[in-house]
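Next come the structures, one after another.
In the two assemblies presented below, subunit A is common to both, partnered first by subunit B and then by subunit C.
Showing the complex of A and B:
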């Protein structure tokens, strides 16, 4: 593969198709993105962000990628301007007739390559949007740009072919059929008995329960301590709950469409809603997955009418917080004596406002909770966001370590925690790599795992 | 992309995983091991590789990491020592499984 602007290539030639003529179809797809009829999600902020950037550079001061090496290609304004220049040139009166006046530039195939690769070098963490003095969202422009790219057939296979499409076909993006899923549940029940010394039944496909708990399916495979912990907590709370198998439809909370396509997003969310309705649950509980929560709690509101979603949506973090407050579950912090810190996942924090719930949970169930700095609204993205944690081609893992991981590793070293508490699968995948790569003397754990460990039975 | 062993051609995907798990053999494993910083496949490696293959052919998917550790008796730390890029990437690749998908 040819290099585009540095030594990495996250989009392979098979995905990017550099030999094809793509500019005309890109412009057509962009035209459609600029129509309020065709763009239902964030049309207005999209248009405002295209038109109003003052180029003050405040965003660059807080961008974790740009701050690492100060390379112009990673400047958030420069990235967003790739789309702005096309907008000016082809979709404004002045740009069409007097392009030199407004910095409008023709789109070439070479520029399209750079734009595509560049738009997948940003995790859309929205730290830039949080500080912008005129409320411009350069992160949103990246997402809109990815939507246009997807409309012309350019999307990472990890997110589409092996992501949304596999999830719609198999019920989950891990590709686990029902026999495999049941085998996992059996194993988890046995393992809880072996490690905790008591028997627990994990309900599956129970109709009409109060809570349908949908995990990120990747958690079963790679972070099953989170799934086990959640089962223990729900059991201890004594509530009527269930997991679901692919037999009932979708049994995976993820919605990678959030990262790159409203079309894919809608297909997945409709299937998830259908499954929840079929099982007749009062509340759909989203397991430890940041983007799935943003998707089902907020982005869904832009696309699916309320009456078509006759159930409540809650994060497992909100539930555990409530249950601890109500005394429904009892926790003993001395059971988690090691210093614990919490990493604010972008999708829970800046995108959804869940800052205090995880902190209250951890303060109640761990003896020594300490913040890392900066945190909350100004938390640094770990570098796993927007699906990056599962992308490795073109030396991309090294990119994730060098550009985002390094900052995060330094934060952890500074506060001396031995456990990094994480509420999101992408964060878990990225921290697993950060801990190995920088040889940090810490471990990561899911919030449910720490709560389960502190349970007083 | 592909590689050749004894005149036989094996297709690999962009992540370097062989496209047809059925065509896998021990020589293929040894070849793929070199791409994953594993110089020599020891008895410990084979135990993990064989476990992965058996599970995959029964369930159509790689096993949960926790189950792999418990059933083979190797703690995760040891799996990383055997396969530096981890169970999902290194071990599955050498065992000739497709690359695990989703947030793993």
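Showing the complex of A and C:
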């Protein structure tokens, strides 16, 4: 594949069609993105961010991608301006008539290629938006740009064909059908018996239970310790709960639409709501998956009326925190003696405000909990955000390591932890790679896994 | 020349005021009438009104974000903003007929000039700022610096009485055409800048209400 923007290529030729004429359709899709009706979901912040950037550069001072090597092409404003210049040139009076004054530029096919690739070099972590004096959101502009690209057929296949589309067809983005899924559950039950020495039944497709627990389906294969840990914790809490198979609809908490398309996002979330309603659960519990929580907890609110969602939504973190507080589950921190640190996933922290719950859980169930710095609202994105964790083509893993991973690796080395506790599946994917790539003497663990390990029975 | 002067001092202020108000009305209406966007807040955010107002005041008065994260432009930017605040206070006092307005006007002009010039220098000397700047970014700073400088050279203290009568004349729709020519230039520049505001990102102070209250800050929990 030819390089089009930097030394990486996220979008294959098949998807990007770099030689085709796409500018007219891009402009048309952009016009529609600028309509308060067609794009009501984010119209206001989109417009505000297009119109009011003061070019002060504060965003760049905190952007993990830019700060790594200070390469101008990764400057948040430089990236946002790729879209802003088109906005000015084609959709504003000054830009149409005095383009040089405001820096408005014609869109060419080559620039479109660059824009498309560049908009997949930002994880929409929104660290920049948090510190911007005008609260301009470069992450949001990136997401809006991705939406326009998707509207003209340009979206990474990991997120669309093999992501949202596969999930809607198969029930999960891993493509696992019900028999395979059930086999996996049996296998996990056996595994728990082998390691812990007691029998545990993992309920599947139970109707009318209090808690329907939906994991990121990738966890069943890649991070099964988290799935087993959650099962142990739910079992120990003695609550009425269930997992679900693809037979019931969607059994995957992920919603990759969040990363590139409101249309896909809405379809997936509707399917998840339907499934929950069908199973008649009182509470939909989102497993360890940051963006899934943000989607079901916050983004859904003004998208789907409350009466169409007759159930509560909770993160597994909130539940475990409550259960420990109530004494419903008992934990013994000495069972987790190694120093543990916690990485604030952007989607749990800045975007959802779950800062205290994971800390309380870890302090209760680990002997030596230590912060990494900076943390909480100033936490650095690990580099797995906005779909990156599952994207490897075009040497992209190297980008994830060199531009986000390095910062994270340094943070871990600094605080001397031996375990990095993670509450988000995408973060786990990224940390697995970071630990390998930088040869760090640490391991990562899901929060549920650590709690399960500390359970007193 | 007399016709031009008459236009700038006697007619243009009304036009400027009208266009400024209409322009802002149009812009703010567009923002205010936007459909409610999906939740997109960033945590933590101030919960009560008192907390929100507190955060707003700290941001407006000391430019807290710049202080914390972008120190190199903080001081000139602070000077420039304080220059504007002083100028506004001066104008209010002048309208009220208080001689102290001279002091505020003078301090405002000094701060504005230094701040705007400082920002031009910073913008030019850092590559990462230069490369994200368009001509517009310099022009608006030059405009502000010019307003400050011409105000200083117009010898404001001496103009106090003239200005007081002028403002009062304007307010009673009976402008005093005998205005000193030394005030002509800053007056013209100021009006051009005011005209420019609603149609550029110089309306960011109003945009901030929306970016903070409607987007970055969610509902109280």
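Convention: the second predicted complex is superposed on the first by the 457 of 457 C-alpha atoms of A that agree within 3 Å, B and C clash if a C-alpha of one lies under 4 Å from a C-alpha of the other, contacts with A are read in each partner's own complex, and residues count from 1 in each chain.
The rule we apply is simple: a residue touches a chain if its C-beta (ideal position, glycine included) is under 8 Å from a C-beta of that chain, and two chains touch if they have at least 3 such contacts.
Values in this document were obtained by computation on a predicted structure and should not be read as measured data.
After superposition on subunit A, the partners subunit B and subunit C are seen to fit next to each other with no clash.
In the superposition on chain A, A:105 contacts neither subunit B nor subunit C. Touch criterion not met for A:205: it reaches neither subunit B nor subunit C. When both complexes are overlaid on chain A, the residue A:274 reaches neither subunit B nor subunit C. By the touch criterion defined above, A:172 lies against subunit B but remains apart from subunit C after alignment on the C-alpha atoms of chain A.
Looking at the shared chain after the overlay, A:368 reaches neither subunit B nor subunit C.
Of the two partner chains, subunit C is the only one that A:130 touches; subunit B does not reach it. When the two structures are aligned on the shared chain, A:158 is found in touch with subunit B, with no touch to subunit C. With chain A used as the common frame, the shortest Cα distance separating subunit B from subunit C works out to 24 Å. Once the two complexes are overlaid on chain A, none of the subunit A residues touched by subunit B in the first is touched by subunit C in the second. Note for the complex: subunit B touches subunit A at residues 14-15, 59-62, 64-67, 70, 80, 86, 88-89, 100-104.
Of all residues in subunit A, those touching subunit C in their complex are 36-37, 40-45, 47-49, 51-58, 60-62, 70, 72, 75, 77-78, 81, 93-94, 100-103, 126, 129-137, 140, 298-299, 301-303, 349-353, 355, 377.
Of all residues in subunit A, only 12, 14, 157-158, 162-163, 166-167, 172-177, 179-180, 183-184, 187, 191, 216-222, 224-225, 252, 254, 289, 389-390, 392-393, 425-426, 429, 432, 436 touch subunit B in the complex they form. Listed in rising order, the residues of subunit C touching subunit A in the complex are 30-31, 33-44, 59, 63, 65-66, 68-70, 73, 77, 126-129, 131-137, 139, 199, 201, 203-204, 207-208, 210-212, 214-216, 221.
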